[in-house]
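Below you'll find the structure, written out as structure tokens, and then a few comments.
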Amino acid sequence: MSNTILPFGPQHPVLPEPIHLSLTVEDEVVRQAVPALGYVHRGLEMLTRKKDFHQMIQVVERVCGICSMMHAMCYCRGIETLMDIEVPRRAQFLRVIWSELHRIHSHLLWLGLYADSFGFESVFMQFWKIRERIMDINEATAGNRVIVSVNRVGGVRRDLSPSQCWWIGEQLDEVETELKAIESTMLDNYTVKKRTVGKGVLTKEDAWELGAAGPTLRGSGIARDMRELKYEALDELEFEPVVETGGDAYARGAVRFKETLQSIDLVRRAMARLPGGETAAKVKGKPEGETALRVEQPRGECMYYIKADGSRFLDRLRIRTPTFANIPPLTAMLPGIELADVPVVVLSIDPCISCTER
Amino acid sequence: MAAAASALLTTGSILLIGQVPIRSVPAFLSGDLFATAVQAADFALLGLFLFFGIRFKDLLITGLSAAQIAGLFFFEFVILADSHAPAAGLYCDSLSLVMVLLICIAGSLIVLYALPYMQEHERHLKPGKSRNPVFFSLLFVFIAAMNALVLVNDLMLFYFCFEITTLCSFLLIGHDRTRTARENAGTALRINSMGGAVLLLGIVLIYTRLHTLDIQEVIARVQGTGALLIPLGLLCVAGFTKAAQMPFQKWLLGAMVAPTPVSALLHSATMVKAGVYLVIRFAPAFAGTFLSTGVAVCGAFTFLSAAALAVGQSNGKKVLAYSTVSNLGLILACVGINTRSALSAAILLMIFHAVSKALLFLCMGSVEQHIKSRDIEDMRGLFGEMPKVAPIITMGILTMILPPFGMLLGKWMAIESAAGNLFLLFMLAMGSALTVVYWARWAGILMGSDFRGKPRPERLHVLSTISLFSLLGLAILLSVSAPFFHTGLLPGSITGAGGFAPVNGSLANSAGSFAVIPLFLAAAASFLFALAGSGRSSGAETAAPYMSGIAGPENGTYIGPMNRITRSVNRNYYLSAFFGEQRLSGAVNACAGILILLMMGACI
Amino acid sequence: MIYAYALAGVILAPFAGVFIAGLDRILTARFQARTGPPILQPLYDIAKLWAKEPMIAHRFQPLCVYVYLAAAMVSVGLFFAQSDLLLIFFVQAVGAVFLVMGAFLVPSPFSQAGANRELIQILTYEPLIIIVLAGIYLSTGSFEISAVYAMDKPLLMNLPLLFIVFGYALTIKLRKSPFDISASHHAHQELVRGVLTEYSGRQLALIEIAHLYETVLILGLCSLFWTTGVLGTVVLLAATYLAEIVVDNICARMSFKWMLKSVWTTGLALSAVNFAWLYARGKF
Amino acid sequence: MIRTVFKNFVSPRATRPYPIEVRPAFEHTRGELENDVSGCTFCGVCAKKCPSACITVNRKEKTWRLDPFSCVYCGICVDACPGECLFHTTDHKKVVLHKIPVVLTKEDPGLEKPEPGPA
Amino acid sequence: MFKKIMERSRIKSPWLVHYDCGSCNGCDIETLACLTPLYDVERFGVLNIGNPKHADVLIVTGSVNTRNRHVLEQIHRQMPSPKIVIAVGSCGLSGGIFKEAYNVVGGVDRVIPVDVYVPGCPARPEAIIDGVVEGLSVLADKQRRPDAANGAVAVDHTNSEILYESR
Amino acid sequence: MNPVDMTTETLRQQAKQIKADGCRFVTVTCLEETEDTLALIYHFEKNLELFHYRVRIPKDKVVPSLCPVFSAAFLVENEIRDQFGVTFEDLEPDFNGTLYFGDSDVVTATPFCRFGVKRADG
């Protein structure tokens, strides 16, 4: 006898973004899940034929609003490698500060959506309330709440004044205390644990084999964080990847929660050591050659492949985003879980479809 | 012929109204000749069972029938050898009357329905030569045996009728002569032989203590003494087997392989009701004893567990079967509670259950002949296909679960009576909730709109139509008139002080009242209101269902991965993790067995 | 006289319901550090839905909705007529069954799954309510509401644990976390809005109204636990409802399997203890 | 959570009563894009640099045309403008019911004082 | 009187459904942010109802592409009128920075009639609130002139005082 | 970045070897090199280091899929199928060019192949 088949998405209130899953369900237990993509595909990579390599910064920033800063950073680093540009130390620190702020905002946002996915509305509200402080920081320092647009080839477009740093520190303290206040809810609450522990388990071996990235990978007990590559100013800032061993939705949530606190710490330390100097190097010429490089996005490892032929227009730009890598693990996680847990598990990889499809 | 006979039966039974109680010992019943004839028939019957047992190589049947033969032999020729028991003759009080009415009216309607049904059935089955005459004869023998069973006052005669019903059910279940039919007939015989053996043992024990076979006398002498619990307990167990209580439910489930009229008969008016009747009949004898509580607990447990099993079923006939088992459990629970209110609840439930269940089974038969499946999932949107039968089924279902209809009235009475016993109450409460689940789900599925088969014209024979509509009308009519016939028809011993009585169209006792007539008025008013209200909005176009924004061109489809048009199906919501047959059956049977053992153990 | 009460109840109940629901939303918002809507918001919602373009998904759906509303109204009427508690409850169940049937009518996976889940919810709370009503019966000797009002001591004293059990049923009926499983007030759940998915416009308005009636009914049942003084009743109701809102805000939505298991076990255990206690005090 | 919830309940609500009370904007907020045409030389640098291709400059007719509905408010043009006549206000662009592009010409009364006409 | 209540209710209770139509999430999260404590559009009775069949307002973020245009059309179709559509962000307005990308059809108004345009990249929550408020006056206007049921109608920009009052 | 060259024949064999060495699959990049050849660059990583392997193929060649070795490869290979029209053998699940695109008549069959599409700088 055939089972229930239901279309989950693209327009679905628990999914913040359009992705479709054809779920085959038996007695509320998922037996099979077939994904369908393409509802956000724009074909950004091909815009290299219409926009020059400077303009592409603005384009890759808009691959995704949530991780826009790091997209631009990675892209700029790529171009800088191709053009042999030495980025000033201060700019490297500023990039770290903004990128970690972005990570905080992304994680807070996710934590809220995640709470909403298991119907914990007040926690959603709380996280988003806390998050507004980071948005304020973004707006005050970069001029925009979400798409900060601070990167440029050779450095950054904005600077931080000491008073701004001081203010940011203050705001981060607030964020930290408020986060600590709901730490026990996210990590110890009975109902939350009931909804997350043991849901969507990804073993260490599977996580590695299926190419999971970021917190999804670290939640399964593998300490792999691209920040270990020590790009930008990270070589000066000690850093330990956060690892959990559960491999379930709960572990992934815990990783992100702890990473948020860790990022707050990173921003503080980066601001404390912020060196003086220029914020951008002079740029001359056009990029040529090919390179592949990675940064750690909020959702994990993001790889850029850039090939340039010495003209204003890049030859090929390829972005491998963390969610793209996390989709195969997701499809492996879904069978066997309950229908009610589908949103929890789907959100537990922190899917960003606009990143995935570009 | 058959139609005429059924008409005769019905009128005959109706004529009985107002004649009760009758107690007579007709001459021919007391004659030696008759006694000998019954004796011979008894042995012949048991011999037949033995034969079947040997032929099927079934040790249990063989053993049981051999034991019964030996027991009967011992009883008739050793114990009864010198002291011949005086013949007890016939007894008809209001309880018997209710039963007779039920058997005759429901039975006749079923026979009426069976006429066209069996023709169609034969056409489909194509046996060498028509076996319908045999079939209808058996039906009538069955009905006759049932009538006799509720009318006799002699335990040995009762035993005889009891065994005849066993035989008839065995033959009728095996009617189709397929392998499963044969196997399930075997099961039925096996379990009912157990009942027969237990019954015989009980009778023998009673006789050795009281030296009488007169049922009324037995009851009168035992009532209030708390004596003779073991034989009475044995009688109850015999009743349980007939009424297919857990853990004896298996034969009734198997019985659905038989042609639908047989199932309808077994489930509604005859056979299972024989078991219930037996227990109700002897209820006064063990009122207030531990046995009574035991019966109540066993019944309530059956009510709960069978309802749970029904939730896990997608086979429509099985749902009906489990629901029968479950409702019989409820009835027996009421009998076990053994107060006046509880007994009237039991009798009302028996009446309403018989009518509604007969209706549902017959409808099921039509559906099955029409769509060639008995799976509930295949009945999705049946309304589109069978615009006559589907609403009747839905109505039938509603009469089973919703106020102001009779079944719910009975359930309400049951719960009000059970409120004093915590354990019972829990089981009744949970069971009644489970009942709502499987019925409501089914009703919703029937009336939905995604039937996907090719629509064929719905052909319903006049006789079937008459039968279905009469049953439905009867269910509603009886529900409306419940407060009145309750007092008019039920034994005075039940409806007297402390029991339920009609007050202003409500049925009330000291603990509460069920406003039957006002509710019916309210229901009628709301129905009109609803009709008017929905009539106004019927002008609106029907919108396609929400499919996450990717609904396909056809209702109920969506454009899935790879641009494929996928049909969204909704099936298999039977919570097998909780209520699956495999998951529950073992534990449930074990529990029920233990409960029965406890009950018997406590009698000792 | 009884009919007058019943009529008054039926007419006034929705207004009380609007007020309660509005207060609920404001308080919920306040617990989430928000401002929240105006108190008459439920009224606006219903009036707006009433005036929307009609759009029906199945021809029998309006019928089911109207029966749902009618059942809710009749049960509230019966309540104010101080009728039999069990009867009121069964009449209310008619509405629940029809709501489910209406959701089953449409070939939409969300409404179907929601309907199934709604059935599970009915399955979960129905026994509890029956047990609570039986508890009331044991304390008063009757299922009639008037008998409760004849008591000289609040029921809560006799049935403290059963009141908690009733709280479970209340939470489920009000569709609050952790039991907003078949449909929630906001559609942020896997089944969109579950049973309510396919109802729209006026039908949804009718459902909302029926829901208001149900809220009033269930709070009315709740009020039976303290019948010896108006102040006590009001305090009890306010405290209970506040507790509901707080629970709603400190719990995640749970799965129906958990609900069935945990509610049945804890509910039955609590009521067993309460009954045992009653028994020990010779209340049987 | 219960602590947080009650804390929320007793502390003043976090809501910014937006339409009634408007919070002062941050200094560097990139709000609506404006052109003080008086300083514009119609050099077209902004149009060339704009990643969203939403500015068109016609040197001959001396018109500066902005499609504010495809502008992404990145500020690249502002950074690039040699005449320093482009700037962001701190207020977001207001919502509209119709998409009408902004077309500014030299003759327009710009944002600052009007240019004296040709002598 | 009844009619008056309904008219008033309609602008007091806009339930919205949000569809992310290939947005970069920027506008998306700003739309969601409107629901959160700091902006709390529930003040205006707005609920994110998630189901088009219950919604009055469709908020679309992002640019339309070849696959999701059908979804968008369908959601719009499944909303019972009176309804309004608010396009949010440069992408929703015109395709924004992606308007030249090969899989981008353009703004939302290429597919369904849009009533209110909220510019920005991303549009700020304040702007989105403005958009909703503005949309309500369009809604009010639509009910006064039901013949203009769909499609953008010219209304006076400023008659949204009803929402600004009293809160 | 110095890609090691491979051929389609040895591709799967080498992938197995790479996997046995403890490498992890990262992604595949496809690019158009000349009018009728494409290059597939396979990226792997081990201990934070990236390794690249390049396969040059004519446009109409069927390439063995990496799915049997690295099951995570299905998504990216489907994407390449969409964008460059490369057919992979043993791709599971195979969306057959419909991963991203619904209406084939609107989007050109192989949107990422530049020849045939006018570049902005001529």
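Residue numbering begins at 1 within each chain, and the chains themselves are lettered A, B, C, D, E and F in the order written.
Methods note: a residue touches a chain if its C-beta (ideal position, glycine included) is under 8 Å from a C-beta of that chain, and two chains touch if they have at least 3 such contacts.
Computed from a prediction, not measured in an experiment: that's the story for all the values here.
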Any chain that touches chain C and chain B: A, E
Most widely separated chain from chain E, with each centre as the mean of CA atoms: B
Centroid-based (C-alpha) most distant chain relative to chain C: F
Pair exhibiting more inter-chain C-beta contacts, A-D or A-E: A-E
Whole-Å gap separating chain D and chain E, where each centre is the average of the chain's CA atoms: 22
Distance between chain centroids, defined by C-alpha means - chain A, chain C (Å): 43
Distance between the centres, which are taken as Cα means, of chain E and chain B, whole angstrom: 59
Cα-centroid distance, chain C relative to chain E, in whole angstrom: 34
Residue numbers of chain B (touch at least two other chains): 543-544, 546-550, 561-562, 568-570, 573, 575, 577
Multi-partner residues of chain E (each touching 2 or more other chains): 19, 36-38, 40, 43, 48-53, 67, 70-71, 75, 96-97, 100, 102-103, 121, 124, 167
Per-residue overlap in chain A, given as positions that touch at least 2 other chains: 4-8, 10-13, 28, 34, 38, 41, 43, 46, 50-51, 58-59, 62, 122-123, 125-126, 129, 144, 147, 189
Touching pairs among all chains present in the structure: A-B, A-C, A-D, A-E, A-F, B-C, B-E, B-F, C-D, C-E, D-E, E-F
Chain E contact footprint on chain C (complex, rising order): 25, 29, 32-38, 41, 43-55, 186-188, 192-193, 196-201, 204
In the complex with chain A, residue positions of chain B that touch it: 314, 375, 377, 547-550, 558, 560-562, 566-577
Chain E-touching residues of chain B, taken from the complex the two chains share: 543-544, 546, 549-551, 559
Sites on chain E touched by chain B in the complex: 19, 51-53, 70-72, 74-75, 78
Of all residues in chain B, those that touch chain F in their complex: 561-563
